[in-house]
Amino acid sequence: MTRYAFSVNAELCIGCSSCGMACKNQYNLDPGMVWRKLYPLSEEIYPHKDRAFYSLACNHCSQPACLEGCPVGAYTQREDGIVVHNEDVCIGCRNCLRNCPFGAPRYNEEEGHVEKCSMCWQRIDEGLLPACVQACPTNALTLVDLDVDDVSSTVQYPPGFPYRPDLEPSTRFVLPVAPKIVRRDV
Amino acid sequence: MQEKHGSGNKNIQQTLGNKVSRRDFLKMMTAVGAIAALPGNGLLRRGPGASVMPSTGYEGKDAYQVFHNACPRNCYDTCGMLSYVKDGVLKFVEGDPASTFTRGGLCVKGYSYPRSVYSPDRIKYPMKQEGRGTGNWVRISWDEALDTIAKKILELKEQDGSLLGLGMTKYSGNFGITHYGVEGMMSSLGYTTRFVGTPCWPAGIDAQNFDMGNMWCNDPEDMVHSKYIIIWGANPSINSIHSMKYINEAKRRGAKVLVIDPIFTQTAAKANEYWQIKPGADGALALGMARHLLDKKLEDKAWLEENGEGYSEFASYLRREITVDWAAEQSGIPAERIKQITEEFASVKPATIWLGYGLQRHTNGGAMVRAIDAFVAMTGNIGKVGGGARYGHLFTWGFNYNALVQSAPEGSIGYTGVTGPMGEFDTGQGGNAATYTDRAFNINKIAQEILDAKEPPVRMLYVANKNVLSQDFDRNKIIEAFKKLDLIVVADLFFNPTVEQADIVLPTTTLFEDWTVNVSYWHYWMSINEQAIAPMYETKSDIEIASALSAKINSLKAGSCTFPENIDPKEMMIKEFNDGIYSLFGINSWEDLKNGAHKAKLVSSASWSDNKFGTPSGKYEFKSAIAEEYGHSALVKYKEPREAYASYRLLTPHSMYGLHSQFQNLDWMLDYNPEPLAYIHPKLAREKGLVDGDTVRVYNKTGEVQLKVSVNDIVPADTILMYEAWYGQNNPFNVNILVDDESSDMGKYKTGAPGVAIHDQFAEIEKA
Amino acid sequence: MDTLLELPLILFTLLTQLAVGLAVFAALRQWVTVEGPSTRTRNEWIAILALIGVGVIAAFFHLGKPLGAIRMLANLGTAWLSREILTFAIFGALAAISLYMVYTKAPNGRLLKLTALVGLLAVFTTGMAYTGKALDAINNLLPLVFFMLTVFTLGPAVAAYFVEEKAHALLTSILFPTLLASLVVRFVVPFIWLSGNAVMNATGQNFLASPLHWLHLAALLAGLFFVRSGKNIPAWLPIVLLVGELLGRIAFFVLVVNSGANLGGVY
Amino acid sequence: MSDFIQSIQQLSAFFFASDAKGMKTAYSELAKIHPAPAVDDWSSVEFSFNRLFVGPRALLAPPYASIYLDNDPNRVMNESTMQIRQFYGLLGLVSPWLNKIPDDHIALELDALWQIETALINSASPQLSDMREYLLEHLQLWVPKFRQRVLSIDDIHPAIHHIMDLLQQTLTTALQDAE
């Protein structure tokens, strides 16, 4: 079996935003529309402002709340775990926005539908990596197969990310590390 | 599983909104025959060919034509790219997977490229402005534009007897090799006034030339072998993102990484240790570290004996004048840390230092680079795989510069004074024995040079690949200087503050509409840039403009220009290649690059691996006679930093969302970085009564800007940080309003003019 | 979330809950007293049907693609929103039949009871549909509690317009305890949120800082002050309570913090 | 040729104009059919025209359909552009500026309409009538927004307001006739 997931290694992430822009480029997203972006960790979690990030899009949950609550069945889940949203079926009721604790579905007001990360399933089916993963210059963002790859050193619910075992988000995390800092007196 | 997915599943019904549904529409496609096209305003009878289908989202890799391109921006990474084209329209871009350096990735800027190609705001036609700055533009034909330009050139020649009244300024808007055709266009007209040098990295170039006889860095990919890495004044996390994986890998293999920077950068956050150095004190710190090597007898004596010219004199200078405590005091780094790290660095091999371009943008920048080079040399890490004092290289730039190398028309009169090289990429012109040369003005003092120019004054300025009003220094003075000019011609992609001051604007092609070839000044890969789409509107590439101008001016007065009058951009690109390039890269033909980027076949990933240096002595020169010839200390020595002229240090480094004035103006970039910010430390914020989001005035003797503050301890309390950026039409923000044109110490030797002390600036800050 | 964007749902939930409230009390009156068809009861059922109609029309404006509304029945298996649409459709149909019956012959007690019951079921589905999993503060039974309190506040209050004064006693006997319960629940809940996780805490703070919340409580307090068992309901009071519930409902839709807004922060 | 067909042709010519002279010619031809305000300074019309539709500064009212239809105000050659190209293809037409000027430039769309109208004079093909209606409806979807955008901008020469009004009026009338 295959169970695809994103792995987000905040120790390696350099905050370059290439992942988010690669996504916009791949799908020609409307201005203002962002499927993946960097979330800076608050200073309680990492001691320096704007210096550690989680790159997040859809977490392709095993128990997707978006899918469960969608009245029109716009969401489907593939056997490999990818949660796919169909914009043509979506009527823009935004119930999924109320149900996704990770803020993944985005409402496109002009189009009247919700959009979200598709894990680039067409690319995966062609043997390619998702656009964001291919873009990551430091391998901080990777595609893993939870049924095959060893993810024992990763965390499923790190600080800065909602603890929602009821949804079983598939994303795995490695936490950031702060350097020793020598400041001068001013 | 639904059939399709992705953004913009806007079907025909939705976008065209007709009663006819998508299916009916498609049915119609087979049903309706052609109508006879009439000789009207536009549409023609369509010839045979495949029907065109609208596309939605990602359609699978087979749906696209794929071209190889190369990002030509002034950047370490110079990424090979793939562009995906359907029905002649660029759909999306990717990194070239053939390059191990970029590994199929681009950066946040690279991925925004389709937005610039298809921005409705591109400059589309040649236009002239009736009254500079009035905004009263009329469309003119290429013929009329070139006619106006040509006639002005002929007039200058007539009046002055030479073309020195014609000035040209160009820098790094597009580093594609064929873009040297802009310089070629000038040469082919005669001897002109050139703004030479570089605002970027000249002090460091000279420093490394004094020390080693060239600027030549190791292959960045060999940093994985480093056991100790100091990143000194560089921020690859935003400026060379593809280098970070090698640093990470070295770290994973046990290397220690130290970042030395006035700012706690994203790169610093990834290090083992970060030192918040006082700007301008890098030389003092390096000399202190060198002194500690002596104290602990950690220098590589064998290497120094064999390869170090003037080393003993340098060692006695260190013993005489430098102490670790003094270095600690100057730099703000505790002596204990200096000592420990120095010992750690010297105890492993290979160890390397990456010297960023930031640290040499000071009045003592070249001297500081020499001090750091010296420290690396003393540890015996020069010429070692995984070692080296890495700064940059031009090792792979040995093209023909076919478009550049043009002879002046017969009988041309030029400048008779002494000139040096015309920029860092100029390998041949400096010091040759020609009767006449171009007149060289310092590119970094464009305003002052225009204001001071006499016999003849500069009366016409040609600007290409450059946004002078946004990127050059002391903007207010530039506006004054421009008033002296009769004709300003700007060739560009977008309407920017320089175009606003132009008399004529010429529309240029994007990289996807042009043929060229690109290499990096950091890694060792070469990428071809194929024409992926037809040039939009009436845009032309720089060399097409040169050739059209040549035809025009020769038609007005035969023999006025030697630039070939009929060129094919692809042929011009092919002419850039030579056997040297082919053998360096191990390819048989430029066509090999159509399969992906190629890397130079290096004898060693290390520069100077044979210890044969390019200096007069053939050794590493701690004491350089050439340095002395150019007015510097022959011996590597401490040089005092610039005196502060206002209360706070002002640092204006590169932004990750733009490259100089490119990219940040695109709407996608505004989604990520909507407005400029001044970063200040919480302590300074408290003193000034400022909180996040307050609007402030930042001002100094050169000018004033207003922007919001972000309170953040990534900056020291005596420093204001503002990233460089041009935000586009409606945001007047520009950090260079606050940067004066004070020169850095070095640059004249190899680039023709010194650099600019961009980071030796100071300012006041107040709540607006 | 944008208030304007949420306005259709604010109206939909409020108006349909008022309709259910009226239906419940119409049925209740049929049950405890025998009430023949009269202009007043006719008007009441017209009002019920009109409220459902306006509420549903308002809900259409909530959709990005209103023409696809019918497809909302597609996921009865797991989506409470689908079930909500279905039960409201049945409720609407029953209300229409009830109106027809009230008009033509004696109201059928069983039918009215069934209509009221289905109405309550519909509110139950609404309560379930609004327990957003991203909305930590209300990812529980609170929406159901809030909505039912609205039903039993607005139902008896607005019914006062449709009944003879002698029936007010029945209405107040339910309205008074409801108001008391509502006031206590709505006063206490934000403080409970404060002790929850960061997202709930932020929601609690939003409520405590919002005039919407306090005006809602003030309306309830006014109700408690002027509603006395056995006494008449002043004609202005239902308006005050309606406005209070409206403000409270706006608060419910715009002040509850979405968990996704805190990514990178402490949860 | 009918006034209507003539109007379409000259409106197209106006938006195709590359200088004041071209604008003046088309404007004068239109004035023969529809009364138009007199213009004494054609260069100020041209400055307005360029600020709105040509450049070099960012366009105030880009004359491309996709800008108004595709929910992406900052990209040309977008999906609906390609659909219009397909539509031209169905007519057996192709833009001479293929991939150089977006196919949905107002002047090109009006030219297509003019070509259909002219063809319909000779043959009353029902399919062609459908195509005509289709194109009219498509224009009606974005031209009002385009016109509004132009009208919302300060200091635009009244001659251009007149053209925008005339364009709107001509399309509306044609659409009413079609239905």
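Note that the chains are named A, B, C and D in the order they appear, and that numbering of residues resets to 1 at the start of each chain.
To be clear about the criterion, a residue touches a chain if its C-beta (ideal position, glycine included) is under 8 Å from a C-beta of that chain, and two chains touch if they have at least 3 such contacts.
Not measured: the values here are computed from a predicted model.
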What chains touch chain A and also chain B? D
Chain pair, A-C or A-D, that carries the greater number of C-beta contacts: A-C
Could you find the chain whose CA centre sits the greatest distance from that of chain B? C
Intercentroid distance (Cα basis), chain D paired with chain C, Å: 52
So the centre of each chain is just the mean of its C-alpha atoms; given that, what is the distance between chain A and chain C in Å? 37
For chain A and chain D, let me know how many angstrom lie between their CA-based centres, rounded off. 44
Inter-centroid spacing, chain C versus chain B (mean Cα positions, whole Å): 63
Can you list the chain A residues in contact with two or more other chains? 28, 30-31, 89, 108, 111
Listed in rising order, chain B residues that touch 2 or more other chains are 8, 10, 114, 667
Going by residue number, chain C touches two or more other chains at none
Tell me, which pairs of chains are in touch? A-B, A-C, A-D, B-D
Please output the residues of chain B touching chain D within their complex, sorted ascending. 8, 10, 12, 15-20, 25, 28-29, 31-38, 40-47, 51-56, 87-89, 114-115, 118-125, 127, 130, 135-139, 141, 495, 499-500, 505, 507, 533-537, 666-667, 728-729
Across the complex, what residues on chain D touch chain B? 9, 12-13, 16, 18-20, 43, 46-47, 50-51, 54-59, 62, 64, 67, 69-71, 73-80, 82-83, 85-86, 88-101, 107-108, 111-112, 114-116, 118-119, 127-128, 130-131, 133-134, 137-138, 141
Applying the document's contact rule, which stretches of chain C touch chain A when the two form their complex? 5, 62-66, 68-69, 71-75, 78-82, 85, 129-130, 132-136, 199, 258-267
Parts of chain B lying in touch with chain A, wherever the complex brings them together: 1-2, 5-11, 57-58, 60-61, 91-95, 102-114, 237-238, 241-242, 244-245, 248, 259, 264, 266-278, 331-334, 337, 656-657, 667-668, 671-672, 681, 683, 712-714, 716-718
How about chain A: which of its residues touch chain B in the complex? 12, 14-18, 20-22, 24-34, 37, 48-52, 76, 78, 84-89, 111, 115, 118, 120-123, 126, 128, 131, 134-139, 176, 178-186
